[in-house]
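What follows is chain A paired twice: with chain B in the first complex and chain C in the second.
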Partner chain A sequence: MSISNLPEKLRDRSSFTLSRKGRRSLIAWAGLIPALVILVTYRLMPLFWNVMLSFENMRYTGETTWVGLENYQRLVEDPVFWDALFNTILFLGAVPIGVTIALGLALLLNKQFPGSNVFRSMFFLPYITMMVAIAVIWSYMFKTQGGVINFMLQEAGLIESNIGWLSNSWWARASVIIVHVWKTTGFYLIIILAGLQNISPSLYEVARIDGASKRQQFMYITLPLLKPTLGVCALVGLVTSFELFDLVQVLTGGGPARSTEILITWIYKQAFEFGNFGYSAALTIVLFVLMAGLSLLGAHLQGGDYV
Partner chain B sequence: MTDDLRERFVSRRTQLKTLGGGLTVGLAGCLGGDAGDGGGGDGDDGSDGGSGGGGGEVDEPIEVLTWNLGFLEESINGWLSDYQEEFGYEGEWVDQPAEDFTTYFQTQVQSGEPPATLDSQGAVYVQWANDGVLEPLDDLVGDELMGRFSEATIERDKVDDTIYRLPFYFVSTGTVYRKQWFEDAGIADDLPTSTEEYFSAAETIANDTDAEWGMTLVRFDYALWPFFWSEGIDILNEDNTEAAFNTDRTVEILARFRELTDDGVIPELTWTARKQPQAQEFGTGNTGMYHMWLSSVRLVENSGDWVDGDTMGFMPAPGKMPAYNGHGWSITSDMNQATKEATRDMISVILNQKWQEDFLRNTTVLVGNNAAMENLAQSDDFREENPLLSGVYDTWFESADTAVSQPRINQTAEIWDTINSQFAAAAVGETDPEEAVTNAEEQVNSILQ
Partner chain C sequence: MSQINETINRSNVRTLFEKAALHRAENWSEFVRRLPYFVAGLVLSLAFFFPFYWLIKVAVMWPAGSLYSGDPSLVLERFELFNFVRVYYEIPFPRYLFNSIVITTLAVVGSLVTNSLAAYSLTKDFYGKKLVLAFLIAALMIPYYVTVIPAFLVTNRLGLLNTHLGVALPFMTFIIGTFILKNSFEAVPDSMIEAARLDGASEAYILFGVLWPLAKPAIATNVILGFIQAWNAYLWPLVIVSDRLMQPLPLGLASFSTRFDGSFTLQYAFAIMVLIPVVIMFLLLQKQFIQSVVQSSVKE
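Moving on to the complex of A and B:
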């Protein structure tokens, strides 16, 4: 149908005239474009490129050779990959520990008392301190001989002989979790405090009138209303737990015997120390799938608030 | 020469070179040759006496990429101005910290804009050489430039008998010791030379003196291996295709390391830390000896008030077979012949005696230029002012001919990461020494496949 055949009402509209809905859509797209460009350029394209690279071997010149599933086969046969995967998942254990401690502290600090703001700042301080500096200091504290932690534990009569914090596989894993919990608890604390302050005091008043105990108030008011806040903490914690690169590199170097190697450190070593870019890309895909899967699972458990 | 005169001189010189380059290209064209592939016309077979004679025009500026030399700005600007004065071309300096260097270089290579020359560490350049990123230097470098270095130094940097980089500076392992503990233990005149003597000296010091520890050491970049090389244990077979270290003696040495760590002769941090804590432990003065990269001498000095030329001694690594780790200058291959020659001239300036001596005075490393090394090592003034550096030089000269470098293959870093991880775990009792050696062997062979 040519334009001349259109009804007069429609013909009056030039080809550039848009309906109100169309105009709204155009404005919306115009607003979205910068974000989309960034998303596509810095997220989707590298992801797509990474997927491609995981089926290839790449030389330093950028030349690639198609190797099919070879990198994934290597991954299955690589004992370090399994150790790293296990540790990556194990270190997620720092999230519930940190959130639980933060929740306890938040309940204590959610009351006005002299110096409450100082306490809040003190707990938050580790979160904004550089991880490398933290790891260096903790590595001295964890020293088997002459380390302050073993000294204090011995003085307190809790241990008889020194613990090999960084030389024993399980203690080394525990050390990573301890430092991670120490660093992130302050962040969770601030988020949970904000959540607590959003709960209307009238709910507690009503509960008290109805004879609810402190425990019941916590179980049936505080905890359910904090669910979205705790969900945010869990998601942020999940992401930071996957990115313990600097802590592991400085504190344990992945040792002893790869017992603290995580996927992100193994990816880095394969790509930038060993030059195995294709294999590193395959490892990255595994990490991505794991992160995406756990994030979706977390969101699902939260009632789909974030999907 | 005034700046004005220099500018005119440079300008005329550049014009002449461009004309020469053009003529050579034309001549090569007449002869049916490819001027871009080795038509360099500066006299002899790859001499180093002036560039720009052939293979197109020099693509200026000549970019010089350095590895963690940001602190040397004044000297590096000196390299560039000397180069411009002597050869008439402009240079440009870019430095990258060690942790960013390889990614930065890789980005440059893949975007088609690699630097003309780069200074790389260890065996990282081997993969670049094998991938064709670096230019073979055998035909590009003449006798004068080659003659500045010892054959052994050149040999250590070769990849499959081809020269891909020229020695810039290097470090080697050696041992520093606190003389007091050796005197107290009665072994001051009987310094250890073999691996077993090292172990027994460490035990004597830890048990018979007030020292807390007998010995500590660093492991990174193959620094642990002198204890094995000195016992005739190689990491790989001759053609670098298979692990060669799974021997009874390897297991014995590893078991001894474990025993000494268990007995408190070697501090456990030796096996869990990289460098700083060991240096600090030794610096506190409670450790007999410290096998380290000798360039860490300032780190040791800064860690302990007791450290000076009289109280701290130097001795070669076990078996006088120190680990060697070099830095060198390579030329990238994606340039025309004239630019490659101009880049070689830049390297020639950087590696001349003047700038190599300057480098020695500003650092704690050793350099490839023999004349610079000898001149400084024999200078009474320098020795008097720098007793610790004199110790470093003397220790190097004592074992220079028998120093051992890492394997020159693509997988060098991965192989050491594997061995180091397994051996350190055995030393702290995480795994059985025999199992650690077997695991390491299996994993290294898997890497080499």
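Moving on to the complex of A and C:
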């Protein structure tokens, strides 16, 4: 074993590991196949098929005819589409509302008093509860006559006459947002609490020594350091907004008078109630572009400058 | 000498007592200081919890007449299980439950296997790894809700409409689960895997016999996330299932609420029957649930 032998040996070894890497690749790809097959069939292929479908007309029989941009032209002329687009964006307002409430709750629960873990779980429970069941629960609570929400508001003297929560278009929109805020706040709370734990207590100590007030500590330490966490909340909030399909479908059915229709419910109705697969594919493209754009924007903001 | 010792001991004891007294006072003042937080937390969490209380309160109400006459009362007056019995006889509940259990089991077991296989592959260095990772991250951007219509057409071509497998198949892998398992597998020291390989262990044994036992938290996370996804799914089964007997619980609940529109005691009873499995699991595994959900969003 002299030094001069070494290069040759190394070359030998490297050719050996290369063939090993080939064998390893074979095994790795074999392991990846089940997951990849499902993802390609249910995510990638549908996306391309959807793009094609949006230029076509398709009936239940499966025959397709090329119609060019007709579906997109129809989109522009469809008033429900514009309402649905408006509502889709409006209902995203549940995200900042939920995150703000969660931030307040997190600052409270972060005080580590007895019972704070139990409270945390109580706030979290709605998040893992089935949306359909939640819609059923709230649809009775929101009833105009005999609904518990109107009853409590009247008892508290906040309203004179009953609110038509689900029968007035703006109150119906508010109802959807309220329920979605209620469902998702617990999730944001958990994420923000985890984010708060990551802020070193010594930062606050130094700030206190320097004479920073509670408000200043919050504005200049907590908030900037929580920025990535809040970004995660916003991104996940964007994704969970798809669950609004279940809520709108069961709570309001898109009503009254299509005033709570969102893109995803309109897509579903166009395809499976009216049989316009081509048109609903065009709607899907709009939804996809909207969501992808917003999540890229969110990721950009999240990756922005922070300490 | 002993005298000195004694005095020292005595003074020690005294300071100890004083310290304890001080500590008690501190504890007490600490408690008083934290009392407002406790009260605020209690009030807010009870307010948040109210819909669940209301769910139980209305579900055990019988007769339902008092529901429609005048103002609702907030206190739990009676506890009757009649509504549950009535729901049980009105609809094929065991059938819905069976469908939900089959679909969820397929989804959980399937995704655990496919995610583990994919995750184990991704821990290796192989040709095309970068391509696969890029694909997975891009696919993460396509929520299944968006592709529901063509995915329906695909399922139709596969002849899987109105089958359990047809509903479960898209849930039988999820990318976040794969990444969580991958991170967990990568934390296992290479020397252990090498040792197993030298002992003649097969790849399958390394994955299921060596890595799995060491990745229990990641596996729990996968099971919990897969379970929540499949159990609560509504849109996908709605699209795939038209046969009443193949409906899982969420579809059953939604159609029940249109059929018994206005009979809220029955709807609430059904909702409880649907929610119980998840709530029990959550109560037993609170920590794991919360960790799973945190992990699913905060990827490294």
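Rule of thumb we're sticking to: the second predicted complex is superposed on the first by the 257 of 307 C-alpha atoms of A that agree within 3 Å, B and C clash if a C-alpha of one lies under 4 Å from a C-alpha of the other, contacts with A are read in each partner's own complex, and residues count from 1 in each chain.
We adopt the following convention: a contact is a pair of C-beta atoms (placed from the backbone, for glycine too) under 8 Å apart; a residue touches a chain by one contact, two chains touch by 3 or more.
Quick caveat, the model's predicted, so the values are computed rather than measured.
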Clash or fit (per the criteria above) of chain B with chain C on chain A: clash
Which superposed partner A:Gly231 touches (first chain B, second chain C, both, neither): neither
Contacts of A:Gly298 with chain B and chain C, given as first, second, both or neither: neither
First (chain B), second (chain C), both or neither touched by A:Ser139: both
First (chain B), second (chain C), both or neither touched by A:Ser121: second
Touched partner set for A:Gly275, first chain B, second chain C, both or neither: first
Comparing the two partners chain B and chain C, which touches a greater set of residues in chain A: C
Touched partner set for A:Pro96, first chain B, second chain C, both or neither: neither
Which of chain B and chain C A:Ser169 touches, first, second, both or neither: first
Which of chain B and chain C A:Arg258 touches, first, second, both or neither: first
Clash with chain B, by chain C stretch, listed 170-178, 242-250 or 278-286: 242-250
Intersection of chain A interface sets (partners chain B, chain C): 139-140, 272
Residues of chain A touching chain C in the complex: 21-22, 24-25, 27-32, 34-36, 38-39, 41-47, 49-50, 53, 105, 108-109, 111, 113-116, 118-134, 136-141, 146-148, 151-152, 182, 185-187, 190-191, 194, 232, 235-236, 239, 242, 245-246, 249-250, 264, 267-268, 271-272, 277, 280-281, 284, 287-288, 291-292, 295
Interface residues, chain C side, partner chain A - complex: 34, 37-38, 40-42, 44-46, 48-49, 51-52, 54-55, 58, 67-68, 70-72, 74, 113-115, 117-118, 120-122, 124-129, 132, 135-136, 139, 141-154, 169-170, 172-173, 175, 178, 203, 228, 231-232, 234-235, 238-239, 249-250, 253-254, 257, 264, 267-268, 270-271, 274-275, 278-279, 282, 286, 289-290, 293-294, 297-298
Contact footprint of chain A on chain B as seen in their complex: 102-103, 106, 109-110, 127-128, 131-133, 264, 267-269, 271-274, 277, 410-411, 413-414, 417, 421-422, 424-425, 428-431, 443, 446
Touching residues on chain A, where the partner in the complex is chain B: 59-63, 77, 79, 139-140, 143-145, 164, 166-169, 252-259, 269, 272-276
